[in-house]
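Lettered A, B, C and D in written order, each chain numbered from 1.
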Amino acid sequence: MLTLLIFVPLIAGIFSFLVKGNGAKGLALASSLATLALSAYVAFETGNGPLGFSMPWIPQLGTQFSLQADGMSAMLCLLTGIVMPVVIIANWNKEVERPWSFYGLMLLSQAGITGVFLAYDALLFYFFWELALIPVYFLCSRWGGERRIAVTFKFFVYTFLGSLMMLAGLIYLATLTPGADSYSWANITRAGASLSPENQSWLFWLIFIAFAIKMPIFPFHTWQPDTYEQSPTPVTIILSALMVKMGMFAVVRWLLPVVPSGVAFWTDTVIVLSVIGIVYASLLAIVQTDLKRLVAYSSIAHMGLMCAAAFAHSEVGMHGLMVQMFNHGINITGMWLIVSMVENRWGTRDMSKLGGMATSAPQMSIALLIIAFANIALPLTNGFIGEFMLFNGIFQGASAFSMTYMVVAGVGIILGAVYTLNMVQKTAFGNTVPMQVAKDMTLNESVAMALIVVLVIFLGVYPKPLLELTSGISGAILP
Amino acid sequence: MTDLVYLIPLFPLIGFLINGLGWRTIPKSIGGIIGSLAVLASFAVSLGIFFEVRSGVSKTVTLFDFIETGSLHIPLAFQVDSLSALFLLIITGIGFLIHVYSTSYMHDDEGMVKYFAYLNLFVFSMLLLVLGANYLVMFIGWEGVGLCSYLLIGFWFKNRDYTNAAKKAFVMNRIGDLGFLVGMLLILYHFGTLTYSDFFGQLQNGNAPVSNSTYNWIAICLFIGAMGKSAQIPLYTWLPDAMAGPTPVSALIHAATMVTAGIYMIARSNALYNLAPAALHLVAWIGCATALLAATIAIKQYDIKKVLAYSTVSQLGFMFMALGMGAYTTAVFHVMTHAFFKALLFLGSGSVIHAMGGEQDIRKMGGLGKHMKITQITFLIGCLAIAGIPGFSGFFSKDEILGSTFAGNKAIYVLGLIGAMMTAFYMFRLYTLTFTGTFRGTHEQEHHLHESPAAITIPLIILAILSVVGGYVGLPAVISEHHMLGSFLSSSVTNLGLHEMEHSTEWMLLGISTVVAIVFSIAGFAANRKPSFAPNTGLSKVLENKWYVDELYDSIIVRPITAFSNILDRFVEKMAIDGLVNGIGKTVRWGGDRTRLLQTGQVGFYIFMMVIGMTVLFAISFFWIG
Amino acid sequence: MPIQYYIFLSIALFCIGIMGTLMRRNAIIIFMCIELMLNAVNLLLVAFSKMFNDPSSQIFVFFIMVVAAAEVAVGLAIIVMMYRKVHSVDINILNRLKH
Amino acid sequence: MDLFEILFWLLTIMAISCALGVVLSRNPVNSVLFLIATFFSISGHYILMNAQFLAIVNIIVYAGAIMVLFLFVIMLMNLNADVEPQKSRLVQFAGIISGGILFLVILAALRDARTHGTLEREATDIGLIKNLGKTLFQNYVLPFEISSVLFLSAMIGAIVIGKKESVHPVVSERNPHQN
């Protein structure tokens, strides 16, 4: 079952290169819907305990093809399963060059992302981590904007540098427990925990840098706004809704339990960085005029909050983190969909040239409003549940300064309201003449958007399914 | 009946969904009817609950678990007791009148169905706020009303100033909300629950392992939330700007209901505030300062709605003064009477604006009484009520507030009295300039002057009646031993320490406020019989410009933040961090460029280097290592 | 006959080959010097084979010759082609690697 | 000094001097001839060490086949002392110095290598075709076969590289924009 989850998109992705013309789009949609069904089934099954799968892979290296889906993995797979069809549906009418390779790469990257969420073996994890990255690199550098080459190169080098350091750290850990499964999660964590606190504290950075770049955490974030800006929007969605979660997920799965003393030693540093990042990114978002950059900075702010909660070492925060990973993925997808619709219709992302969408495209504006309010965590949208729990977690954290952290992070939500409402005001409101002539959402866009909006509100009103799916994980992670 | 409490928010929610989903297909009149009926149905249920609660029923109705994780357990539950029942009545009752009023007032607007959807959503959120059985549900409603306020202030979204006002309102509310959130988290951290009954139970047992300063901090954090929502210093500037919305919205949200959320919250948390004397002092002084500041500004405003807005801020200040004295029921009493007469005044001003074709400047009005008798009379009743003329509702509630301050803090009493003076003065200034004298507008406007239709006047009349009689539920102790409202609320809210006063003192206070109200009403009337609108100078100019508070905020908060952000964007982000990252790349490339020059491309040179390298390696391996 | 003699001889031949490659610019001469170096190694291998009484290293010499023959065929072809292109066998002309 | 030693020294002196001749002679043809002489003296060394088979193969393959190939190529290009490119004195000097240093370094390194290793004078039969053939086809049959593939590919490579380019015209050298 778990292998199917990875291999369906993988095989569909490979096949996609063989399909000529627009058939690739249909193939991609079919595959992604199948994955959605599979991931929903997996999520349902994990209610009865984690699913596992294991077979020998490269025993000489001490690595196994070992997968495991607990609530957190299942939830993130479900997120992947939801986001992919939404992206494909929303872009159904948009012609891309060489659709076979575009959709093929998308599916390959989906396979990689799913693999990351499921891998229970460090080397396998690294393998999927890179498998997810490389297609995205090609997607950005072939279909991206004007400055794509320089920007994607920076993105690639940046993340790859981090990955290599992580690989070095994992190899070091694996050498501590020789054997045929020295890369398995259990052995890695045992090896990590057996190290002295000094060793753990440098090993922490070796591994954490990769995740910090991926999330990204201030000050490792500069690849992100550029890359989001230059990538084609479907890729941006994958990047910000899914790949960013890879970093967060990896922190929870491959960092916190692996070097507990190192984490304890650096907790305050990381939380301070995250909290600075929240305020910093929010302040920067206020002065952005490009929609994509604004959303990019807002994403950095949100990830900062999640990262702070991840390190706050409290059960509520951890649970909130799980929930928020899902919710942020949904929200940011909606946000990008709106941005791409705006860009497709009016050909610009410069907010100073936009305005009056509420007159010409009221449905789009309503969707924008709902997503925007989810973005600033208004109650009864899904964003609120997560952020409330995150704030709660940061507040109840083990650190002596948790109150300060929480209040400073809270300034972020005020600034969040400022930039989000600025964006709403400048795009939807006002009365700009060129924007009067445009169509509202087309059918496929409405379907994609409606799915997102329904999820936003449903999970905001009744978060119980999501909470139950991930309950108990946090307790298992925190020692 | 109390089991059916979920119906109360459900009806407006249904109304919102119908109107919101079908806002382009539903005809205007149907949308209005749906919206009004939804609120009427809620009102009916509220009435039923009210009568049940009167007989002493207090109950918690749990719908489902909202957040459940580990030790944190927050249900979506409703609390039905006397306090919430009273607020339910105010909200649904006045809400219904305003809906009816709106069907006529908004009839020419193309977004009318959307408007009703928003109104219903607002009522829904407000009901959630007062019904919640824990702070989280209150917070949901709390932010929900903020959202609706945002939507309705920016209802005419094509106007940039209006949307700016909406944004300002939302952001200021957010600042307060952060305080609320911190307060909630503090409660959760120290008491492990957000449910009122658990929390207050722990407080009353007195065995919570918490220091006094913690109580104060929690109370102050919650009060910051109330500052934002109830427009107190320093977060009050959004409320006057919020007058950008349609007038019924100003009546409903920015006078009668939403702004009283802060009062409700503190009254609800009375058990906490009783333990936090420092916080109570802060509340009293902030309220007092707000009451005075807003009253001074109201004296020199020329926009009919702005005057009312500042009077709202001022009256809210009075309520906080009462809360600060621990006189919670008094504050709730004033909330109720204020809801009646302020809604009346706003709706009356709406009627005037309607007649004037959108004109809001009182310098261009005058003599309107001739054309619109009902509006004039009801407006006058509202003015009498707010000014505190004996016999009208405002008199009783305001007198009770002043009485409590007299017992608690004489300084605040004196300041409050000055505030009451100014209230009487500016209200009658407003009345005089609007309804008496001669018309100062254009001929065209004069030609169009007419009395508003029944859908507007009937709510006015009902509210006028309520403004007169509303005060008799809380007669002062010297007149009647039985304080109806106080005893009704006693099951959920009681005043801190009953300040038993001598009857003579009480009579004296009543006398003073009566004299003050009457004298300054007449003064306000007389001073504006012959208006002259020369440009203001000196203090008047400062008052007309609202003490330049907006400008102050702009220059000490908004601009520095924007400038700082720009600096961050330009220097830190682009130059420092990104520069560092790109700099590393550039250094590598530069180094590569230089190293590349070693590669001459001459094969001979390569061989030469190889031989030398070989020699060196041999030498090293044999002489140093081997 | 001490093994040193052969070692020294081989080294001498080898170093002469190296000097040749360094001193000359004619690609063919350089090529020949490389052959000389190969033969120096071959000689040493045979000497060791004799010393240890083991035929394997002679087999190795045999293979070296095989490879050398193949190498010469390809290498000379390259030189011929190069000559055809630039009408010279001067290695100093062959500095295209830089670009 | 018996005959064996005399032969050894004779061959050694001949090999080294001829090798120097390869390097130093200006005329490429002379270099080739000197190299052939060197190979002959090396073959003589082989015979001294009872490696008769290799000695013969050396003469046939190296001195015969390979060097003839060199000679042909030199003649084909019509190289002689006049067109022979010369490096500058400085470079030549540097070449000699570095070669000499390498020589000294290796010499010094191997000076105190095992001294007891000596070559027996009496004849051994490992260098005979019979023994070598056995070893070759018993232990090294796979490399042997693979070397045939190497030859084949070298042959094909030499033909492909050396083929006249006019057989298929090179398009890339023409500027496509002019067409």
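Here are some notes:
Note that in this section contacts are C-beta pairs under 8 Å (C-beta built on N, C-alpha and C of every residue); 3 or more make two chains touch, one makes a residue touch a chain.
Owing to the predicted nature of the structure, the values given are computational and were not obtained by experimental measurement.
Ranking every chain by how far its Cα centroid lies from the centroid of subunit D, the top place goes to B. If each chain is reduced to the average of its C-alpha atoms, the one that sits nearest the average of all protein C-alpha atoms is A.
Rounded to whole angstrom units, the spacing between the C-alpha centres of subunit B and subunit D is 98. Distance from the subunit A centre to the subunit D centre is 64 Å, each centre being the mean of its Cα atoms. One simple way to say how far apart two chains are is to compare their mean CA positions; for subunit B and subunit C this gives 94 Å. Measuring from the averaged C-alpha position of subunit C to that of subunit D gives a distance of 5 Å. The set of subunit B residues that touch two or more partner chains comprises 604, 608, 611.
Among the residues of subunit C, those touching two or more other chains are numbered 18, 22, 25, 92.
In subunit A, no position touches at least two other chains. Chains touching one another form the pairs A-B, B-C, B-D, C-D. Listing the residues of subunit B that touch subunit D in their complex gives 604, 608, 611-612, 614-615, 618-619, 622-623, 626. The part of subunit B that touches subunit A in the complex is made up of residues 24, 64-72, 136, 139-140, 142-144, 147, 150, 154, 157-158, 160, 163-164, 166-167, 170-171, 174-175, 178, 181-182, 185, 188-189, 561-562, 564-566, 568-569, 572-573, 577-578, 581-582, 585. Note for the complex: subunit A touches subunit B at residues 154, 157-158, 219, 221-223, 280, 283-284, 286-288, 315-316, 319-320, 356, 358-359, 362, 373, 376, 378-380, 384-385, 388-389, 391-392, 395-396, 406-407, 410-411, 413-414, 417-418, 421-422, 425, 428-431, 462-464, 467, 471, 474-475. Listed in rising order, the residues of subunit C touching subunit D in the complex are 1-9, 11-13, 15-20, 22-26, 28-29, 31-33, 35-36, 39, 42-43, 46-47, 49-51, 53-56, 58-59, 61-63, 65-74, 76-81, 83-84, 88-90, 92.
Those residues of subunit D that touch subunit B in the shared complex are 87, 91, 94-95, 98-99, 101-102, 105-106, 108-109.
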